[in-house]
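What follows is a set of structures for review.
Consider the two complexes below, in which chain A is the common component and chain B and chain C are the respective partners.
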Partner chain A sequence: MTLRLTERAETVARQPVSRRRWLGKGATSAVATAVLIVVLGLIFQACSALGLWSEADVPAPSTVLAEFGRLLGTGEFWGDLGRTALEVLLSIVFGCTLGLFAGVLFWKLPRVGRAFEPYLVSFYAVPLVLFYPVMIVLVGINASSVVILASVMAMIPMALNTTVGLNGIPPVYLKLARSVGAGPRRILFSIALPAAGPFVLAGLRMGVVYSLIGAIAMEFTTAQAGLGYRIRYLYETFESEQMFGYIFAVLVLSCVITLSLQGVERVLSTGGRR
Partner chain B sequence: MTVHAPNRGGMPKRLLDNQFVGGLALFIVVILAWQLCSSLTFVIPAPVRTLEVLGANLTDASYIFDLRVTAQSVFQAFLIGTLLGGLIGLGLGLSERARLWFEPLLVILNGIPKIVLYPVLLPLFGLIGAKVAMGVLFALFPVLINVATGVREMPRVYWKLASAVQANPWQKLIYVILPAIRRPLLAGLRLAVSLSVVGVVLSEFFATRRGLGRVVLQSYNHGDYPVMVATVVLLIAVAFVISILLWRWEKRLR
Partner chain C sequence: MTRIARSVRVLFGVLVLLLAATGCVNEADGPGGRSGGNRLNISATGTDSLPFMAILQVGIDKGWFAKEGLDVSLYSGGGGGNTLRVLTTGDADLAIAGNTSVVLASRQHSANLTVVAPWFQLNDFHWIAPRGQHAPKPTLGYSSGGSSTELLVRGLQRKLHVETQAVGGMGDNWTAARAGKITAGWSMQPFTTEKIQQGAEILVDARKVLGDLPADLVAVNNDYANRKPENLRAFFRVVRRLDDFVVHDTAAAAKALAPLTGVSAPTMTRALTDTPDLAKGYSLRVDPDGLRRLSDLMVSGGLIEHPVDWRTTLDQRYLPAGLRTSAFGG
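Moving on to the complex of A and B:
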């Protein structure tokens, strides 16, 4: 905390220089990323033009882009996207709420937290995908089996991060709250959770990413609809071009989600401190 | 374990026992819930039955072959993923410019559901290579990110000391960097182990000739649920035990 404060003080003192520098850094990164993506795309294009692999296996980027554009106009694509979005959204809501709740519980009852810790740490979100066949036997092949597992995947980083954040609060904050006579609810919502805010936000970001990864991986294994399902279906029916259009769509989707989450986190964490 | 009690104040021994006892209690609760579920629905085999099936499977030569295929791919994926992740992470940690150029792209790549790339890997690497490549993709990122962050956050005085004793790059790596980043490195390795299992088995769900992922999906399709559950439990248990051991080691390094 103090480190950030001094940093800010310095920024204020030498604002013009350091501000331009910071912007320059961010812009360099953005430009570099864009350049890298374009260069990679061109290399792929050149390789498939040279015939290093057959167009039927891996189509050229220009073909994929055209196919992606065509997909955006079809109802089927939006149906699959809607299904995946619904699953991911539900699991984010359930998972992050439960995770926050669990994190607070583990903070209040350290013994329970300690009992759960090894399991949470080693089931760190992704191995749970392996339970999917068991889940579809139990619940059936439908959205709810995906939502249940993806919720648990979102819950784990949320619960772990909330616990770490809450345990890291300086004890003096809580002492102060008690000495001004704040009730347990006010302590939790006005002191503890804001103080653990950066950790909770990081947990939220990871929860969103994991539930997206989990939902698509499970759809890919077997499902009835959704982006992951469609990719597998198109693979099995040898519709390579359309499949690559869908793969590209998933890449774009996750890229947009990652970037917007980073943006939100940055805005929230600096806005809260001002 | 109690021999290595942490030197925190209070009752370290009892604290350590508590986590073990608490974890065990939780485990027993889960087993009891499993037993209850299995008596409610026929599709879930009871824990004891699952163990029996697992035992029977492990004496079956064909199952052992599947197990070996999967284990081999996981091991290769873990090894390649860790080495590659470590090298790239080291590069990113050491060079400001590399970070500026490649970090956003790597963050984005880390966020994508990598399994959708499997159809791309399949023609490029072939049926066996593709699942190893998928495992590498899964295992790569935690090591890469942890090594890069670890190297970047090394205290400056370490570098000064290293140059004061005129250490060559190799000595710097072995005697300065590796000990300094041992904890994030170990955490990355722990995640890489279970992620390489997941990457390989998920690929085997998709398309492969042999392997435990295929056993799971095949027994699902045949409605042979005891074999399916036993195999899932085996995979989860192996990943769990390895990561718990690494986690305890990591905690002891504190």
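Moving on to the complex of A and C:
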């Protein structure tokens, strides 16, 4: 009996602790989220059925879902989705890479960091779409202006978080690395960035969200294709059902990006180990 | 534990105070207020930039609406989508918004609105560029997807072989044109006159290419129209008076309109005198050709499949009798 219990305890102990916890938390979180969405949907459906608002203003969730299903069968929707997805992807890649680079630069050259940080923080607090008239003059009006603005929006939280994370590394880590003869590149990639990992990942998460917001907002203003453009178009032409179908598509896209990011985070935080 | 309980109590108290405060707000004071008595809440696009919209404020300032027994409040919405949604929610009783938005909204039963008149039936849209800026295949800017300017620019595209680009408002278009990012941007009076004074030239006159059509349409909330039809008739009587004021006493009208649209009185006077057919623009007399032209543009632009049946779409009964048309039959 004692032997069996010991074996069982050893088997449990052999499983990675993080995986066991993650499964439990992940399942709870997924169920809670699903329940919340269903409850909200039912409330909206009931309010709509009771005539608390006009279908022309806010269609019932069942109508929106049916419209979303119909949109999935149209080429126009996929064209818009492809355009937005490409812009968001490019913005994430450019913005987060530049942000990471800037964060490392500010850490390595603290004077440069001190000079730039107040501006970045100020920029962070301002809706960058306000700089649209400047963007018109500097980069023109095309898909690149959408990508540039969304990249800038993604870059700022990434740079700030990376800097904060790197500045927070206990000095003993770096001293130890130097004492065993690690070069600058090794220190950066094997010691500093992993130590600042939680902050870098938080910056990445915010960068991804901001790039989506930036791309959709700019499309809303200036583009001639993409999900943001189509929502604006349908808003102006008063086609509420289709408009909400597209808004739902943006929510789905946001969820897909967030879930993908969680996967990336998991891989990065475990170093690819299962 | 005690601290948590105290925090919850404080939070609850704040919530109660907030609810009480919001309950004390008198919604009837704002443009979103529910209609009572002879109140008429109007939602209109560009009341702070376009003279044919700003005349409504002139009517309020001069007390002409009040003399007809109307208590008018004006909400300036940007674009057809914003302007019309407050009408469908019942927060506004009457909306004056972009032609395409109103036509498309009127086709939806749940929108609960009816088109009752055309507004500013003159095609005053121009595409202006810095002097000397030409291109073999010019790019014309417009405001945004689904807007009246997009409808026009698509029509121009078919006739003039130009490129198009969504840019934003008149100011953004002018900035883009000056930066050489587009060849010309859309404009209306008095912006056109103001920029011509600063070195712009008209590259495309939409009226010459496409002809006249109403820039906007007037729509009413059906519930309000059923309850207060006399208010709507009174509204149009005042508008007729305001139109006559602009046409017959242009200098005085310009003086009244200038501060409302942020330009000088001489610029506004020039803008009104430069308007090719002021009497047509500032008139409620229904122009059937303009409405047909609007319908044709919407069909060719792919916004609707079949031409608009104006006989059933336009309810003229609130307009003064002499200004209605019988061209659509019925």
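Here, the second predicted complex is superposed on the first by the 227 of 274 C-alpha atoms of A that agree within 3 Å, B and C clash if a C-alpha of one lies under 4 Å from a C-alpha of the other, contacts with A are read in each partner's own complex, and residues count from 1 in each chain.
One rule holds in what follows: contacts are C-beta pairs under 8 Å (C-beta built on N, C-alpha and C of every residue); 3 or more make two chains touch, one makes a residue touch a chain.
Please read these numbers as outputs of a predicted model, since none were measured by experiment.
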Overlay on chain A: chain C relative to chain B, clash or fit: clash
Which superposed partner A:Leu259 touches (first chain B, second chain C, both, neither): first
Touching partner for A:Arg232 - first (chain B), second (chain C), both, neither: both
Superposition-derived comparison: chain B or chain C, residues of chain A touched: B
Which of chain B and chain C A:Leu251 touches, first, second, both or neither: first
Which of chain B and chain C A:Gln224 touches, first, second, both or neither: second
First, second, both or neither for A:Phe131, with chain B first and chain C second: first
Partner chain(s) touched by A:Gly140 [first = chain B, second = chain C, both, neither]: second
First (chain B), second (chain C), both or neither touched by A:Leu212: first
First, second, both or neither for A:Asp57, with chain B first and chain C second: both
Candidates 4-12, 22-30, 76-84 or 220-228 of chain B: the single one with C-alpha clashes against chain C: 220-228
Where chain A meets both chain C and chain B, residue numbers: 53-54, 57, 133, 136-137, 221-222, 232, 235
Chain A-touching residues of chain C, taken from the complex the two chains share: 79-81, 84-85, 88-89, 98, 100-101, 104-105, 108, 110-112, 141, 144-147, 164-168, 171-172, 175-176, 179, 181-182, 303
Parts of chain A lying in touch with chain B, wherever the complex brings them together: 25, 28-30, 32-33, 36-37, 53-54, 57-58, 111-112, 114-119, 121-124, 126-127, 129-131, 133-134, 136-138, 209, 212-213, 216-217, 220-222, 227-228, 231-232, 235, 243-244, 246-247, 250-251, 254-255, 257-259, 262
Residues of chain B touching chain A in the complex: 18-19, 22-23, 25-26, 37, 41, 43-44, 100-105, 107-108, 110-120, 123-124, 138, 190-191, 194-195, 197-198, 201-202, 205-206, 216-217, 220, 225, 228-229, 232, 235-236, 239-240, 243-244, 247
Contacting residues of chain A [partner chain C, same complex]: 53-57, 132-133, 136-137, 140-141, 221-224, 229-230, 232-240
